[in-house]
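Note that subunit A is present in both complexes that follow, paired respectively with subunit B and with subunit C.
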Partner chain A sequence: MMERPEMKAATQRKAVPAASLPSGRLRLLVGAALLVAALLGLGLWASLSGGGEGLRTNLAERSLPPSWGHPLGTDWLGRDMLVRTVQGLWLSLQVGLLASLAGTAIAAAAGLSAALLGRTADRIVSWLMDLFLSLPHLVTLILIAFVCGGGLRGVLIGVALTHWPSLARLIRAEAMQLRSADYVAVSRSLGKSRVWIMTRHLLPHLLPQLLTGCLLLFPHAILHEAAITFIGLGLPPDQPAIGVILSESMRYLNAGLWWLAVFPGVALLLLVGAFDRLGHAASALLDPGRSQQ
Partner chain B sequence: MLEVDKVGIHLGGRWLLRDMSLTLEAGEVVGISGDSGVGKSTLARMLAGHLAPDEGEVRYGGRPAARRGPHPAQLVLQHPERAVNPRWRIRRILAEAGAPEPSLLEALQIAPSWLDRWPLELSGGELQRVCIARALGPATRVLIADEMTAMLDALTQAGIWRAALGVAQERGLGVLAISHDEALLERICTRRLRWEELRGDATTVMMP
Partner chain C sequence: MEKLSADIQDGRRRGAGAEAAQSASGGEGIKGGWGLYLLGKALRLILLLAAVSAVTFTLVSHSPVDPVRAYIGADILRVGPEQQAQIAAYWGLDEPPLERFFRWVGALLSGDLGTSMIYREPVADVIAERFASSALLMAAAWLLSGALGFSAGIAAAMAHGRWPDRLIRRCCYLLASTPPFWLALLLLTVFGVALGWFPIGLAAPAGMAAEEVGWLDRLRHMALPALTLSVVGIAPVALHTRQKLLEVLASDHALYARSRGERGWALLRRHGLRAVALPALSLQLAGFSELFGGAVLAEQVFSYPGLGQATVQAGLRGDVPLLMGLVLGSALFVFAGNLLADLSYRLVDPRLRERSRTS
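So, the complex of A and B:
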């Protein structure tokens, strides 16, 4: 009894495949546009209200639970938690964007050189990929951030250096498949250099994979930035990223100030979830094998 | 022009070709025919520099091909749609071998309106003309045609060969045509070789 409507829906979908595709595409585009608009609004608000009323210490209003005046409550210094959360998210977003772009660039360079620069390069890069994949991200990240002396630079370098191998593997495999194409052989016999072939013939074909990889790296980058900041090796306390806010709130949790941790945490989760969904949708759309689903 | 001196190529310990010798003079059209799977395409790829021989030597005008720059022997493959980057327009595909001369495009009957199209928007025969034009860059001395027109109808086949041979004759290029089509080879070639004849002294290579 339960199967009937499903089967009917399946046959209907089969009958009009062209109609179901644009609607999925449209949904994704609308979702992405909404997300981008929301993020831009967030950034605008954050930069407009930066250092404004909300962030000022106001001891008369400290440790207030959520109310109409302060929707997310205030902290132990009377600062508005909504403003702090938005500022923190914006900072995390910037760090995540930079880190995932850097990670994608490393992955592209490593994957392409492994596939194209000969057997020795492939062996070295593959060994490096295995090395980084064999360690848990967070351990490597802590090590790198520690060596770099913490701070924004340490977080960026750490996240970029730990998150490239899985994407690099994908790029390497794709590039190996592409390089055996007849037109690549022709290009070589026309006297084109490896770098020329890499940038003109291969890279444009790999852009969808790189874009998807970058989008899927992004939530990881943000979460790891927050994690490393939380344990104190990331951004300094004067740059109130989400990790700093969460880590500071721990001291006040047993005093019953639950709103200090819950709302920034949920906001971080929502942001990460949104990017994750966007990444998966983009990969479904850009991957020809899956685009009809 | 082209001298192939006892070349061999192996893959995973097995010889795909061995002791192959061949010479080709400028202005000559040599046809090679042979059974499927004997290594005709491998030989073609090796002569065009796509593969390196594991023994023996291939000389172009008396010396091996330079490591840099366009290869003196250019190969035209059976499937033109695989031999072009599907994301490039025809203009860019042709420009990869240097900007083509208008006279060459005219000789191969490549219409100017094709230049702004994508490879998918041309038919197989039209795309093969583009590939031939790309192979006939200024540095080319030998044109190797590996089943160049096997997928086309007789009329298109004749048109393409007439155009390609016209250009080759005018420039004094050597042409090496590999095909199953005996009638075609009979028609276009100045000299014909069977695959067995390439194996220099095959009869004397008896193991002691």
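So, the complex of A and C:
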């Protein structure tokens, strides 16, 4: 018996989605894998080309518009803008990762203590949250950068300190719910300490929320790092940061060197946008109401 | 915007009606509820400002940036240690931090914020003067982004699932990831440098006395920073409005209206608009913090002499009194936004008033 080919194709087409993950998850996984691969490649390239060929000043080739030899053009010292941009992105990634991890750690500590260490701790934490939410992020960033005397430390501390309250609020609410779970009550009646319950029971349970929170924090961290560097209070001018590239480009816009500002900004936008989408997809996955879409 | 204010008016009327019904049925008087509410808010504000100033002062006094050096600037080699000590004594920097803090608070309570080191003017004057130009900029951007975002959100929700919806959503995601200062650079390059439509900086043409600057010139200089700020602010309002309107359109009363044959604009106007206008308004009000942050960046790019630029300069050049004043000022600004958002809800939603009265 021969089956008609188009029928076979039809049954196959039907069978595939049923057997595999729902398409939203699949897309997310593929997107995440591609992103990570692209970023690893980026990092490899950045570290291979670091200080070498592309960043050498070449006064014969300065201020060239985009061409095949230099896809993003060259700057006023003849440095290749593609290499500079990639290095800037790599630096942004590293700083953003560190800052958002630090912010997540603060949020986890604050949220869990607020939920578990009694009313006083809860009050103190909410008061701190209100305090940090009462200032515009950029003002806090400028203040902390000033206090640290500028530089990487100021950026990391500033970004970590400005972004924890919203995640901490979420973690606190989740931990409050978990606190009354049966297994936590049993654990408590067995005489386990609060810290033990916190680290052994609640933290593993909250890990997905923390990871998504970290992922959602990441694009903001990158944007704020670039912003504070751009206004001159972040990473020092000798670093190949996107903020530095863009703030230097301001002096040459009048001379018509538009490619100095446009392409590094597009690259930053793509990086931030990709992580933003990924974060939202991941949080939709965690939300039981939306995870099956 | 007229629509929005009309909604608030309407809300107030409805709110007042509910209040009257409440007091008639034996509840507390209207005055008591509002008085307590405002008293609580004022108390919160005082506590907040006290905390912000204490924390800021502690932080600033641990900064490695030496205010005397920052004050002298490039002339540091020509100023001897004795003179430096004199300057420190003049600013009161040789006293212990705690004493300085209480002196500063004492002066603050009498309305004196100190003297800015870089502008050599009282901090209060610097802030007042710059707030005027920043406020103009932020107000324009606030209105424009609110109107655009609100309309975009409604358009997206009305076309739910079709291409306009997808397009608007994509644009919003894109805008949400756009670095504001880069957008400013882009607008500057396109409209300022390439097309030459707008001037590329400052609040007025250079070399012109302040009285001669007409409002048209001011407007031209404000256009690009305001446009930057508005574009940055569109995405949150649009996405929020879209979400809210979708919820409203999926509700029972909208379904009932549909079953009676109401469609499109009439359905939106009668059943949707009022329900989504208030959330959008309060989101915009609560977004004062983002607005200020955006203004810092936009003003920096366009050298627009506003509060944001002053904040950056204060941070870069170590002007501690100005920085402290600006921190307090921005806290006040954000608080005002949140208070207005809260008030707008209370005016409309009697349940919120109930809760605060019973607790």
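Operating definition for what follows: the second predicted complex is superposed on the first by the 272 of 293 C-alpha atoms of A that agree within 3 Å, B and C clash if a C-alpha of one lies under 4 Å from a C-alpha of the other, contacts with A are read in each partner's own complex, and residues count from 1 in each chain.
Quick note on the criterion: contacts are C-beta pairs under 8 Å (C-beta built on N, C-alpha and C of every residue); 3 or more make two chains touch, one makes a residue touch a chain.
Everything numeric here is computed off the predicted structure, so don't read it as measured data.
In the superposition on chain A, contact of A:Tyr183 is made with subunit B only, not with subunit C. By the touch criterion defined above, A:Leu207 lies against neither subunit B nor subunit C after alignment on the C-alpha atoms of chain A.
When both complexes are overlaid on chain A, the residue A:Val195 reaches neither subunit B nor subunit C.
In the superposed model, A:Leu29 makes contact with neither subunit B nor subunit C. When subunit B and subunit C are set side by side, the one touching more residues of subunit A is C. In the superposition on chain A, A:Ala37 makes contact with neither subunit B nor subunit C. The touching residues of subunit A, when paired with subunit C in their complex, are 127, 130-131, 133-139, 142-149, 219, 223, 226-227, 230-233, 246, 249-250, 253-254, 256, 258, 261-262, 265, 268-269, 272-273, 276-277.
Here subunit C touches subunit A in the complex through residues 48, 51-52, 55-56, 59-60, 62-65, 173-174, 176-182, 185-186, 188-189, 193-194, 200, 289-290, 292-293, 296-297, 300-301, 308, 311-312, 314-316, 318, 323, 326-327, 330-331, 333-335, going by the rule given at the top. Within the complex, the subunit B residues that touch subunit A are 45, 48-50, 68-71, 74-75, 77, 79, 82-85, 87, 96-97, 134, 137, 139.
Only residues 181-183, 185-192, 201, 204-205 of subunit A touch subunit B when the two sit together in their complex.
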